[in-house]
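Given below, in the form of structure tokens, are the structures.
Look at the two complexes coming up: chain A is in both, with chain B in one and chain C in the other.
Let's look at the complex of A and B:
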């Protein structure tokens, strides 16, 4: 039953990848995919309990721009700026979530509220062009003489940071899975009134998971920006990244800790394939294919790619039926 | 709490927006007693239970549990105080197994450490649930679901059990079985308040009952007296 040793072993193996002198391009894809995987893991912590957010781009955006603005405007090192902007994003999650959960904004309505939230952050970033660079994007100042404190590393250095952050996400998932909150949330996702009647603090439990989920998305967003050393309202915030996170989590499967990461790997792989095939020849082809695949996944593979590897017996707590997932994901 | 009622309501007025459902209801449940609240549809039975379990705040009136003012206690803390609510239509979590339903029943902080012990007690009390522990709750029969819902409520080790329409939607034979469960629970020393439309059945289980009519208590008394009351027999029991 001891999962700690194998986990450390896998992590060590992954950490050793740069030593194999992989092509830079492959390492680049892995970094991107694992950072997206971190965001998807955070998303799935809510999503698997029926709290579907189309606005996690708001949190990646706050994480990215918070970090970059602190560095560019005040010279705050990303090592400090990232934790601060993660806290800011968590606070934004609380601010968004609390009224929703108190007023019982659930299902489609919750999805719409979050959708708007993601767009608000994107529009705000675009509008505040004096400090954010607007739609032209923003480049964190380079600091070659102080690369460590500026968190500006080579690809392998960044791979290790990515891996550390990703491992935090997986750890948080496990902690959630073992906690009473997971039980409470699965009860809430089935019937909020019944959950309240047995003393579950419905709004509070939903708020907790939203805050944690927002924080993980923000961490991913900030690291993504720091890795690319380029921020753009379209790619760091807003609907595009929100949908990418949703797609990754659903495609990979939300009911095991590795599902969202598998989904992220698939998403990034697909993106590259589409880019190579279509290039700029067919603008709009990629979102179309995403949308189509999303529908197909929800209909035919509600447990995602990970569902292919699951044995029937070995399901997570409260997830003993595969028939329920379509409705849950769809709402 | 010696001498004081487990639960005491007086002058309760409550409603939804402009609509008033309860007009000064008074009710008392002594420790160890089983009390029924009966009445036709729309009499305010469920509203009364919602008031007691903190889901609806009364506009006027007092609501005491032991020496505590319940109108000031948030609903989610009631299980910690020993009040468990079995909602109408059971409201199980259909896609969780029986055991998982019991597990969320032990959500209250004070109950988590006691989970295994209490689960075993529920299984002792309802052996059927032990057989079905890994079955999805939604796939069981109505009577078994009611059993599971009561078991879930027992997980917070309540002193007072509130049952809302335990017979709703069940076949007559199963209704009898459910009331047998209530008898068994009473033997465990629990205080029980049942809201029920099935007057004939509930009067066989409870010590006393209140008859609610359009938000007012129309009659109250010992079960035996009420079932002998000619007016009540005619209006509720369909007997002449």
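Let's look at the complex of A and C:
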């Protein structure tokens, strides 16, 4: 409880950033990084309990395109459209998750099923090109005369929205962390059968966290699209954005509340530095270094950047507590 | 609707031919997964590297095609071993997520490296064989020869696994990795061999794909996800299941493309995959 005051203070400081007349570019990077951080936080809520999803691109895609389609086709304000599309994405998460968890699609299988889900959304958007613009992407209609209801703000206005959404994400993370669900999921990640035998509703607990995680990813995806005012199946959905979310969470460390955000700041910062440093002359150098760092992180810093600071005590399976235990499925 | 519509039969045959090409990377992935218990997320990118090797040797160096093919396979075998030694082996005792993520990082490295070296241009081999006509059905000569080569590759792999000592050890370790070391099989050696074979299967797949697809750094994304799905559908580590699922998926995509556009057929194929996962969670052909 004694963390509330410092948290509010930090939020207030962050909210005050635009007043310092920062360069627009810096604010742009912060908005992008915090929105990615929101998605990473959502991913980490599942990921730290061993539920690895390669399909969060599906949820960001549903969030982004749901919101934009409602605005462009029916004139539904993003203020209403974003909650609706977040609910849609959460429903999609439940639809995908429930059979997975009931039928115990776990580990590699779960990762690859979610990967398929992410690709479905991406290809669906590409295929439905009459209404989504296909791989050319689409832009939400501009409405300068009704900027507020269209949620089309200047950079500083959008920074506050971003910060609000991000704070919601962190709050949700904390609520989960303090709840019995976190304990249950921790038990599940160690051994599903043992967890079930002491009365944990395995499928139900997994479903809850998946739905929340999908909703946060969708919120991030929708806001990202609304901020850029441009949607593209490659950047809003699919494997690319999924891996970006995963990398952010891993790089920052997924066992603490701020780790995923730190990771997102790191990846966005890294991308920008590489882009500025190598320019367009050496396209390809950036993903090369990006991938190399991902490998090095996994090999030598599996607890991420935050792992450098934190003590050994933590919740959830980490390198220290969980070595691969031989598991037998079936008979 | 007439089921003897020549175009439908053509789509069906094309689907089977497509399945033959999917089958090779599926076999490679399944072999590595079955033996080493690691999913190579960058497998399609290994194929992409192989395609560049063949393209470079044939189009730039002017080597004969068969020599380029012959060089491509061992190169990819070495790449597979390198991947195993540098990335997978240090992570063998880590949680499975870390192995998948690390190979995901290699995916970016290979894509970035290919972009750096070859730029994003589409490179074509420029080899084509005349189509054959059987009754009113046209069959592409390149696709048919790729299909036959894929079958030969799969048959060789089967013979190797079935009738050699190392092959038997590989099959045994895929069954039970705790007991086999007690029987005097060195798992580290078997892992290396499986990785080398997995790599060379990627090389063979590269040769066969290059005659029908242009190569560019992101070509892996066009067949990578579907390869993983076929593997899972057939049951990860289940070679025969994956092999059959490859043909099933090929037919679905091809016939789906006959009624709609190719993209819709992929949406349909992926949906089919997810539904099959719920019907048969351990794979279509789980024991």
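One rule holds in what follows: the second predicted complex is superposed on the first by the 299 of 331 C-alpha atoms of A that agree within 3 Å, B and C clash if a C-alpha of one lies under 4 Å from a C-alpha of the other, contacts with A are read in each partner's own complex, and residues count from 1 in each chain.
The definition used in the following text is that contacts are C-beta pairs under 8 Å (C-beta built on N, C-alpha and C of every residue); 3 or more make two chains touch, one makes a residue touch a chain.
Treat the numbers as computed from the prediction; the structure is a model and nothing was measured.
Student: Once the structures are superposed on A, label A:285 by its partner contacts, choosing first (chain B), second (chain C), both or neither.
Tutor: second
Student: Looking at the overlay, what does A:298 touch: chain B (first), chain C (second), both, or neither?
Tutor: Once the two structures are laid over each other on A, A:298 reaches chain C alone.
Student: Could you figure out whether chain B or chain C reaches more residues of chain A?
Tutor: Result: the larger residue contact count on chain A belongs to C.
Student: Which partner does A:263 reach: the first (chain B), the second (chain C), both, or neither?
Tutor: In the superposed model, A:263 contacts neither chain B nor chain C.
Student: Output check: A:140 vs chain B and chain C. Expected answer is one of first, second, both, neither. What do you get?
Tutor: After superposing on A, A:140 lies clear of both chain B and chain C.
Student: Which partner does A:78 contact after superposing on A: first (chain B), second (chain C), both, neither?
Tutor: neither
Student: Following superposition on chain A, which residues of chain A contact chain B and also contact chain C?
Tutor: In the superposed arrangement, which is not itself an observed complex, chain A uses residues 317, 324 for both chain B and chain C.
Student: For chain A, which residues are in contact with chain C within the complex?
Tutor: 47, 50, 52, 96, 99-100, 103-105, 107-109, 111-113, 115-117, 119-120, 123-124, 126-127, 239, 243, 246-247, 250, 282-295, 297-299, 302, 317, 319, 322-324, 326, 329-330
Student: In their shared complex, at which residues does chain C touch chain A?
Tutor: 33, 39, 87, 90-91, 93-98, 100-102, 104-117, 119-120, 178, 217, 221, 225, 228-229, 231-232, 236, 261, 263-264, 266-267, 270-271, 273-274, 277-278, 281-282
Student: Along chain A, where are the residues that touch chain B in the complex?
Tutor: Chain A reaches chain B through residues 180, 183-184, 186-187, 190-191, 193-201, 204, 317-318, 320-321, 324.
Student: Enumerate the contact residues on chain B facing chain A in the complex.
Tutor: Residues 53, 55, 75-80, 84-87, 91-97, 100, 103-105, 107-108, 112, 134, 136, 152-153, 155-156 of chain B touch chain A in their complex.
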